[in-house]
Amino acid sequence: MSKKSSILAGLLSATVAGALLAGPAAAAWPDHPINLIVVAGAGGGSDFTFRLLARELEKAGQPINVINQAQGGGIVGYTTYTSAKPDGYTLGQLSPFAQFKILGQANFTTASFTPIALVNVDPAAVHVAAKGKLKSLGDIVAALKKDPASLRISCGGTCSASWDIPFVSLMLAEGIDVAKINLIPASGSAAGLQELAAGGLDVVLCSIPETDALKDAGLIETVAVLSATRLEKYPKVPTAKEVTGKDVTGGTWRGVAGPAGMDPALVARIEGAVHKAYETSSFQAGMKERGFGTTYLDAAGFTAFIKAHEAQTRQVMEALGVAKAP
Amino acid sequence: MVIGSIFSQLADPYLWTVVVISAVYGLIVGAIPGLTALMATALLVPFIIFMPPLPAVASIITASAMAIFAGDIPGALLRMPGTPASAAYTDDAHGLTLKGKSAVALGAGLFSSVCGGLISAIILTSSAPWLARAALSFSSVEYFWLGVLGLSCATFVAGPSLLKGLASLLFGLFLATVGLDPVSGMPRFTFGSSDLMGGLGLIPILIGLFAVSELMRNANAPAAGEAANAATGSVIRSSAGLMWTHKIGILRGSLIGTLVGALPGAGSDIAAWISYATARKFSRVGRKTDEDGAVERIMSASAANNASLGGAYIPATVFGIPGDAITAIVISVMFIKGINPGPTLFLNRPEVIYGIFAIFFVANLLIIPLGIACIHSFRSIMRLPTTVISPVILLFCMLGAFSVENTLFAVGLVAVFGFVGWLMEANQIPLAPAILGLILGPLLEQTFMTTMLKSQGDLVTFFDRPIGGTIGVVTLAVWTITIGLKVFRPGDAIEIPAAEQGRAE
Amino acid sequence: MKVNDVIVGGVILGLGAFVATTGYMLRPPRHLAYGPGFFPMLIGFGLMTVGALIAIQALSTLRGSSWATVPEWARSRGGLLRFAIIPAAIVFYIVAVGPLGFLATATILLATIFAVNGVAARRGLPLALGLAVVVNLVFASVLHVPLSWGVLEPFSGWLIW
């Protein structure tokens, strides 16, 4: 009994000491290892991006544990780091999150996080079978205008996520009755693309680098990318704006964030470290090699960015009729 | 170009270090009664997760092939099969040992294991690319039917009671539905917990059901008793000649093993049982009760259990569908490594896939020197007291689950499913069908739902594609026949005694 | 522990009823022909059927068979302890690994099970400590598994290689 209470006392005093040290903590950061939660499985694009970033961040003097918690589409990982102490030693990946609350899965809002910096944006793209009837984004829009349910469109992963939200947003701008669109979830972009090649689908939405192999085999083609300008690595793919005239962009993005309530001085210090890591040539080259985009936004810019993300997601999901009744 | 790249990959000293360490590890785990090849694989995960793709997969292949073979050693010497896959011929092998011929029993197991492994590797290498090309035209309809066909294997692993096997299968299917629904994203059976929203991980459940429940069952078992019987003598001299005499048995076992291994959900233990039963029923030599008959049966079954490993990689690499629980782990490791199994793998990264196939040949040839060394050092391995070993294994079980999922919740799952597994075994509910359900559940549901979304609710779509419709009809026929046989001729359909099925006593 | 198949069937039946009703209550958010509750309902009905059949089959042989058989070892306190220590150790690990750190937790855990299994403390304690150190070095230091360092947290920067 006495042993137990002494452990408790020790824990309590550690917590109190931690609270007292909060002020000068910003200057000392980092003085012990940092946990960085990645809300995706090891080996994927997110894991790659954050391991690359962590390798550069470690030069600040402390090891970084990259911890993959992909369960529940990332809900488990977001829960882990948003409920951690806002001391700068538990950070996490922040990627599209607004759909969780709208679907009634979890309660994350902008207020759940302390955004630190955005490091990557990958635009969504529209892919069709090489031998199919659809040859361009114009064909797809025309077919959907005629009958919104006529095409089988794969979300390239779960629906109401990075790839289909911007696409539906574009179709909304075109005046199509999006609630009737036949959106089909896939267990991943690879599965969706293979099914596209097998003739089981008409359109797949996902990022461009994922389609390289099947494109080389002459099985599929990319008809449009939802970004402001054409991508450096894929100069032949037109943007959605060039084809339709509607300026709709979107896709997935990855940034560093912490739990809500972090000290602004600490945020500034961490942001400085992230920016330095982002600027290194090894991070830039590593991202370019895998075909991942690099875009930087500081803490203020990233906060505005995720607010816009929340608004776009809500608008699209309400139009789709998938939002949970409040 | 691909061949050149395979050889340059195989020349990597790091790869060889990994392969040799995994081989020794697999032999040790396989030779300890109660520890299965499956557990050896599950415990490897935290180590290989940090390796490059080829060494990671090579490590599993080598360790599992070694463990399956090594299960023969305590089976022959102590009448305690090291892995369930050796259970079929334990009595025959132990009988030879009692006659002072343990070298013959072990040699027969060793060389037929190598042959079985090599033959299945040849079949794998030559047929997988061809199957992969065919699989590129598979849509969700075909995958759905393959999943249903895979479920029919539950009747093979069901043990004596079909009803209890089905209960276990349905339990596994239910476990797979916990978490977010893949189609609508609605939480199911989560009770508002974010941990449950993440779903129940396969590996923690696997470790709980198989390893921890085994530890609980053995907690009060008497310590491994008498020392190994009889001198082992020269393994090579006493059995190399027998290979030619029993070549038909070995070939038959290898083919059965590859085929059974390739069926989704049926693994090395089932392959060994079926091959053993075939040798006993249909072979002139295998029917005999003398030494010759025993050697024939050992060789057929031992070739089959190693051959099944190669066979299991056919659906795994071509369709991403696990042939058994070991390949289920391999598939998740491959995903983690960014080499997503499926037909596109053969287009994307042929050098990786052929590198993996090459490892099969290497691993099976390595069985000869390392296996002989293992047989000779077996006594010292058996001398480690279980009172010390089992707590360490328990610690590894927790670490294994934690390293895969990175949550303490996963460690809790290990405890819960350890207890559930122990209760199930005590009440003759087989564990294997539950794992089968857990693996195939998400595949079935996702393909069914997406097919329905694509056809907008029209069920006819399951039969109107030529390949899909054919597989569908075949599947329905297989289900009708197996259930019909079980119901109308109980006891006669499958001869897998309850006690041996699924575990080694 | 072996219980009568009537109970086994009943438990499966009950699980099936729970799964089926929960599945029935899941309403799809969009007009899907087959919503998220469809598969759970199928599975639930399957479990109910199988459970009922197991129970009915067992009812016919009920006479003379006991409701539950407690295994021999469970009658002795030592036997019960050797069994219960396994799940208890896992629960202890989950509770203790955060505050105490892996090293201390694993040492206590191993030493306790060794003691329960009859290994003398004189041998068991150093063995437990040694094993815990080795496992901690291999998994946390070399393989970077994020095991908790607990009280060692401030120094852990030097312990991760």
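A, B and C are the chain letters, set down in written order, and residue numbers restart from 1 in every chain.
Everything below uses one rule, namely that contacts are C-beta pairs under 8 Å (C-beta built on N, C-alpha and C of every residue); 3 or more make two chains touch, one makes a residue touch a chain.
Keep in mind the model is a prediction, meaning the values are calculated, not measured.
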* Structure fact -> Note, CA centroid farthest from subunit B's centroid sits on chain A
* **Identifier of the chain whose CA centre is least distant from the whole-structure CA centre** => B
* Asked: Which whole number of Å gives the spacing of the CA centres of subunit A and subunit B?
  -> 37
* Asked: Which integer distance in Å separates the CA centroid of subunit B from that of subunit C?
  -> 22
* Where subunit A touches two or more other chains, by residue -> 67, 103, 322
* Got the subunit C residues that touch at least 2 other chains? -> 29-30, 144, 146
* Going through subunit B residue by residue, note those that touch at least 2 other chains and give them in order. => 183-184, 186, 406, 449, 453, 456
* **Partner subunit C, residues of subunit B touching it in the complex** => 46-47, 50, 161, 163-164, 166-167, 170-171, 173-174, 177, 181, 183-184, 186, 188-189, 212, 215-216, 219-220, 387-388, 390-392, 394-395, 398-399, 402-403, 406, 408, 411-412, 414-415, 418-419, 423, 426-427, 429, 441, 444-445, 448-449, 452-453, 456-457
* Touching residues (chain side subunit A, partner subunit B) in the complex -> 41-44, 67-69, 71-73, 75-76, 79-80, 99, 103-106, 149, 152, 158-160, 182-188, 190-191, 193-195, 197-201, 213-214, 216-217, 219, 322
* Footprint of subunit B on subunit C - complex, ascending -> 1-3, 5, 8, 12, 15-16, 19, 22-23, 26, 28-30, 32-40, 43-44, 46-47, 50-51, 53-54, 57, 71, 73, 79, 82-83, 85-87, 89-91, 93-94, 97-98, 106, 109-110, 113-114, 117-119, 127, 131, 135, 139, 143-147
* Across the complex, what residues on subunit B touch subunit A? -> 49, 136-141, 179-180, 182-187, 194-195, 197-199, 201, 335-338, 340, 342-344, 347-348, 405-407, 442, 446, 449-450, 453-454, 456
* Complex contacts: residues of subunit A adjacent to subunit C -> 7, 11, 31-33, 35, 61-63, 65, 67, 103, 320-322, 324
